[in-house]
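Read from first to last, the chains carry the letters A, B, C and D; within each, the first residue is number 1.
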Amino acid sequence: MIRYLVRRVLGGLVTVWFIATATFFAMHAVPGDPLLNDKAVTPEIRANLEARYGLDQPILTQYAIFLGHMARGDFGISFTQKNRSVNDIIREHFPVSAALGVLALVFAASGGIVWGALTAQYRNRLPDAVIMFLVILAISVPSFVVAALAQLGILYVNRWFDASVLPVAGWGQLRHALVPALVLGLGTMAFLTRLMRSSLLDVMDADYIKTARAKGVGPFRVFWRHQLRNAVLPVVTVLGPAVAGITTGGFVVELVFAIPGLGRYFVQAVQQLDYTVIMGTTVFYGAFLVAMVVLIDILYGLVDPRIRLQ
Amino acid sequence: MNEATTPMFPELPSSAFAPLSLPESEPLRQQPAASYWSDVWRKLRTNRRAFCSLLIILMLLVFTLIGPLLWPLDPAQPNLDLISRGPTLGGQAQVVDLSRPWVVPQVTSWPVSPVSNAQTLAAPVAIALVEPATTQAVRIQWDPVVGAAGYVVYRNDHQPESNQDLGLPLRTLFGGNQVGHEDRLRLRPGTYWYSVVATNGVDESPVYTTLAVDVHPGVRLRDLPQLGRAGQAGDFVELPAHPLGTDYLGRDLLARLMHGARVSLFIGLTAPLLFVALGALYGGVSGYIGGRTDRVLMAVVDFVIALPFLLFMILFKIAFGIGPGESGILPLLVALVLLSWPGAARLVRGQVLQVREAGYVQAAKLLGGSTLYLVFRHLLPSTFGVLLVALTFAVPSAIFTEAFLSFIGMGVVPPTPSWGSMCNDGMKTMMSHPHELIFPAAMISVTVLAFNLFGDGLRDALDTQLGEPGK
Amino acid sequence: MDAALLEVRDLKVVFDTADGTTHAVRGVSLSVRAGETLAVVGESGCGKSVSFQSLLGLTPTPPGRILDGSAVFNGQTLIENGTLAASVQRGRDIGMIFQDPMASMNPTMRIGDQIAEPLRIHQGLSRRAAHQRAIQLLQQVRIPEPASRVRQYPFEFSGGMLQRAMIAMALGVQPKLLIADEPTTALDVTIQAQILDLLRGMKAGNNMAMVLITHDLGVVAETADRVAVMYAGEVVESTDVESAFERPAHPYTLGLRQSIPDPGAAAGGLTTIPGTPPDLSQPIAGCAYAPRCPYAMRVCAQQAPPPFDLPVDEHGLRRWSRCWLQHPKAPRIKALDQSARGVGDGVA
Amino acid sequence: MALLELRSVRKHFTLGRGRKVHAVDDIDLEVRSQEVLGLVGESGSGKSTLARVITGLHSRDEGSILFDGQPLPRLYRGADFRRLASQMQMIFQDPYSSLNSRMTVSEIVGEGLRLRGVPLTQRQQAAATWLERVGLRPEHLNRYAHEFSGGQRQRIGIARALITEPRFLVCDEPISALDVSVQAQVVNLLGELQENLGLTLLFIAHDLSMVRYISDRMAVMYLGALMEVGPADEVYFKPRHPYTQLLISSNPVADPRQRGRRKVSTGEVGSPVNVPVGCRFADRCPHAMAECRTQTPRLRPVGADHKVACFLY
């Protein structure tokens, strides 16, 4: 198990390095001098940046300096916001995104498991067909459309009750987060529902379920003790990609619902070509996602005795 | 013991016990002699959802390829008269010459002696249209009211019930001799109720006069060439239909959807084809060679998969840069291919590893089949099914990616329309003109839904096909 | 002889598939007496597993469906008029073990917990008592170091050990009947012998009846008291084990017997059964075996044979065969009257 | 005269972390011209690996193989396969995965001829002839493999292997996946073809009575090593090696009157991963001696044409 842990963490670090490298060279391929674009770069920032990133140095030296900064967790200073470091920006906006993401993940995972279990129980009957159609629908409608429709929906609900039942946009309280998190988690929920369904169907036909029933284990206990745990295992393995989906899906939802998260900030930075913010955020997100994947792998190892004990 | 018993032997003629000749050969288990793919096709055809999806996909292709020929409106032609209009089917419009400015009718001879108490002011009389009312302009005038120092003109979309219900105040005219108004404010075909109230300069009279005006479509004389029409002021001309309405620049939504479909479907079909082919080649080679080479090649795949997809799409888009006048489609395509091939590579590698050990491949090897023969005769055809499924599922995700990037302004560059950028535009006017969002969003959703359902059906058909009989 | 412990009459089970209805079990009648071992023999797809799984309500429904029939176990109704009795309590009086022990154990649950589960359900043992009992049971099925083995997971066991654990799990509550569905098919021959030996010992110790579902005639000869031969969803012959090998009364039983090499004789030809079993999704006219039967008569193609009684066996138990050849008017077949190859005068 | 001679053939698979599967360990064996050599053993004994090493589907780590007096390459290249295609062929265990479901029977059976450039019409003719020889009908030529039952598929596999007219046929558990009544059909067909065509057969199975029935000689493997080889009846009725004795007495005999004759062993089948020095069977052997755990026994003759790897003899 320790071996497994060490291997996973080391693999994760190498992957982060790869992401940082890819980011660096991708940004270096940007035509022209990033400091010479039409965005206003004050002389102080310019001097600061040149010193920091040694932009006059050969590319490999720059790369080494860049890696050094990244390793220390220093992502530089924003181009567009005077004297604001990328670290500050991440520190301020990431918790918002994280809170939204966690809520969305909770919605997605619980919804996915419940709906998946339901469809599997009613396999090939009406509830199954209905839920599965909704699932495919949820997968097929772009998140920004869902977000916009949800916003319209809140508007009409508020108008109907003639009161602010839920805020249309903004951030601050739990009620601000509910609908955006639901929208954000919807695609993942649909994906997990599908997976949970097929996984449960596989498990339901497994011989050990027959054994359990032959032993006289009641249907409820068969479901809880024997089916669910085995069916959830493969679902755990895809939580990594699910976190990635929710993270990037957050861009749109934050944009539409005017939530001051890192995603919205990133999109703004992209639109303003704020290079340091783009690079810093990309590496940060990359590292975050890799950490999540490693964490989930380890979690999976803990849940599955076949991995834990080998 | 009460098992099934035979109390008496059934009475039978002795001829019943004559020997029966055995059939010469055994029958086959299944009747239809269908090839692999024709069998898959048969299964697919009987899957109603998948078949409908296939029809929808074909219709979409027709829409994209043939649509613009049948619907020749220019998707880039703005029309500031028709900003954010809902769906219309065109119809007649009267040509209006608005080149001469409208002069408010003035009554020079009217004696001006303002009344101090607005309560005593009468309602205007003889309120009337000056010219036929069109969506370009409604011109009304009325007879002056004795003692009025000015007038307020209101417009409402229903018959006012009281002087509190007069609607939108359009204009306040100061000077009792100005007795007319030209309304050019966002007129739509339909009926408007114009109310005129006299004022003493401070307060309004409690009484009013209302005129119901039927507004008909109108078109400006100078816009006629643009629409490909000719005529004089007062003529009626046929207007172009906008069955899906217009956008915030007055461009025809249907034409934009058709041209946007070209972009979205081009990216949605080309990118998956490219990256699935690339991935298949890579994974196939890796799986077939195996060993150390395989491990190294697959490590690369792992790295590329670990890249946060959308972030790197954006990064690559920025890195490739977009010159002036370019649409940004090519960088999008390249970025998509660069980041998406590993999925197919893994899939094909797995399949190759599995099939490589199958008896029929080993048998072919023993029969003297060269590597090329094995790959092309046995391995590739066996991966074809999963590749096809991967392809159908890659199409919606590519369409999604394009839409997402265009939505955040990182995709196709305006004015080239794509469904994603149209959604982005539509978002801005979502609250007042939802059709601008709904139509492109529906196109994306229907397309993605069709591909998803088709992919599901295809996978089912292939799965049951691969399942062996009797098991 | 005491009355039957399990009595199944005319059981019919179908599977609804996209391509139509498959009649997997087309009217199975059999009985098991207390303490005896009944071997149910047949080739894959003949419905032997489905019959017994549906008795316990283990057939996945849908697509499976009990069409008709009844079953009584120990005076208690299991199936009546094709409906599974709601009161069926599985696992206490009827235990079941399956073919593939690796797949039949829950991979994420400790062996001990899986063995303890029926003890806690049916005997109301506490967690601790059930755990202790599980250790005892593992010891009984001769698993070394049972105290540490109970805490292990199935993947840490070998196939043979898992099958022992399965037996411990099924027999822990001391059922009156054990249904063993191909318990040794997935195992190596040396392990197979151990498992059969263990089953035999446990059965005697618990005075338990056993239904042994198998396709291996060697296993039948080793273990069974009586034999029910199944073909195409029906029991075609029900007889004692000696008669099954020495005096088969159905051509299919004879065919099976002749399809395996005779251990005694020097190399002689194997007599094969031509053809393949019928497609059970198609209607079958007459005897299902007729197209492959070397002795088929006209009546066989037209009318399904009823069960014909045969002389009772040495214990006075009923024997019967569903074959028109047993009709008094039918010609006598030498091969059937005196089995083609003498059995018993083989190896010393 | 030996058609095939194996000398100290070894094949190990590396599992990583220093673990090695001793799939085939120092096997000396000969297959004589026009005989049927039966090879038995439990799972993990390396029978199938040996079959693959012989046909070249696996390379071997050490040792040499002579076919008809000519050494076979350690690692086969395409040209070797082509050259040997008309010398040795193989029949596979799984009747389902051994036929390509995208090909017609005619294409499957004719594949060997196609690879030698035989024109289509001739190929089809030959395929039809071979179908009849294996008991199928020429009408089946244009059918696809999934329409056939397991036994029929095995017949198609046999036709495919024999169409190149090889002298040597390796049958890797060809009947294990089949029903009892169908097993007999396939075994009879193989026996018939062997006799009529003068084939040499290596017949691998775990069903001892079936192997004895079809074989002239019989070889017994345990955990990658050869334990005993000799005339089939002798090995079956007078097994010398304790493992063979155990195997044969464990084998259930289809005769209720001989019930209880079996010896039941204790212990498990060992693992071929990192086998210890000495005799592999020592841990389960009732006669194990001290030297069994320190030295590896070599095959030694114990009678006419009968060899055993055991220190008891």
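Note that a residue touches a chain if its C-beta (ideal position, glycine included) is under 8 Å from a C-beta of that chain, and two chains touch if they have at least 3 such contacts.
The shown structure was predicted, so the numbers you read here are calculated from the model rather than taken from an experiment.
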TODO: Could you work out which chain's C-alpha centre is the most distant one from the centre of subunit D?
DONE: B
TODO: Provide the C-alpha centroid distance between subunit A and subunit B, rounded to the nearest whole angstrom.
DONE: 27
- [ ] Quick one: report the Å distance separating subunit B from subunit D, using the average Cα coordinate of each chain.
- [x] 63
Open item on the list: For subunit A versus subunit D, what separation do you get between their C-alpha means, in angstrom?
Closed with: 54
Open item on the list: For subunit C, give me the residues that contact two or more of the other chains.
Closed with: 44, 274, 276
Task: Residues within subunit A bordering two or more other chains - done: none
Task: Numbers and ranges of subunit B residues touching at least 2 other chains - done: 26, 29, 470
Task: Pairwise chain contacts under the document criterion - done: A-B, A-C, B-C, B-D, C-D
TODO: Note which residues of subunit D are touching subunit C in the complex, please.
DONE: 42-43, 149, 151-152, 179-185, 187-188, 206, 208-210, 212-213, 233, 237, 246-247, 249-259, 262-266, 268-269
Task: For the subunit B and subunit D complex, residues of the former touching the latter - done: 25-26, 28-30, 33-37, 358-360, 362-371, 373, 378, 381-382, 465-466, 468-470
Open item on the list: Could you list, by residue number, the parts of subunit B that touch subunit A in their complex?
Closed with: 302-303, 306-312, 314-316, 318-321, 396, 400, 403-404, 407-410, 420, 423, 427, 430-431, 434, 437, 441, 444-446, 448-449, 452-453, 456
Open item on the list: Help me check something: in the complex, which residues belonging to subunit C touch subunit B?
Closed with: 4, 7, 9-10, 29-31, 44-45, 238, 274-276, 279, 290-303, 306-309, 317-318, 320, 324, 327-331
Open item on the list: Per the contact definition, I'd like the list of subunit D residues that touch subunit B in the complex.
Closed with: 55-57, 78, 81-85, 88-90, 92-94, 96-102, 104, 108, 111-112, 115-116, 136-137, 140, 142-144, 146-150, 152, 157, 160-161, 164
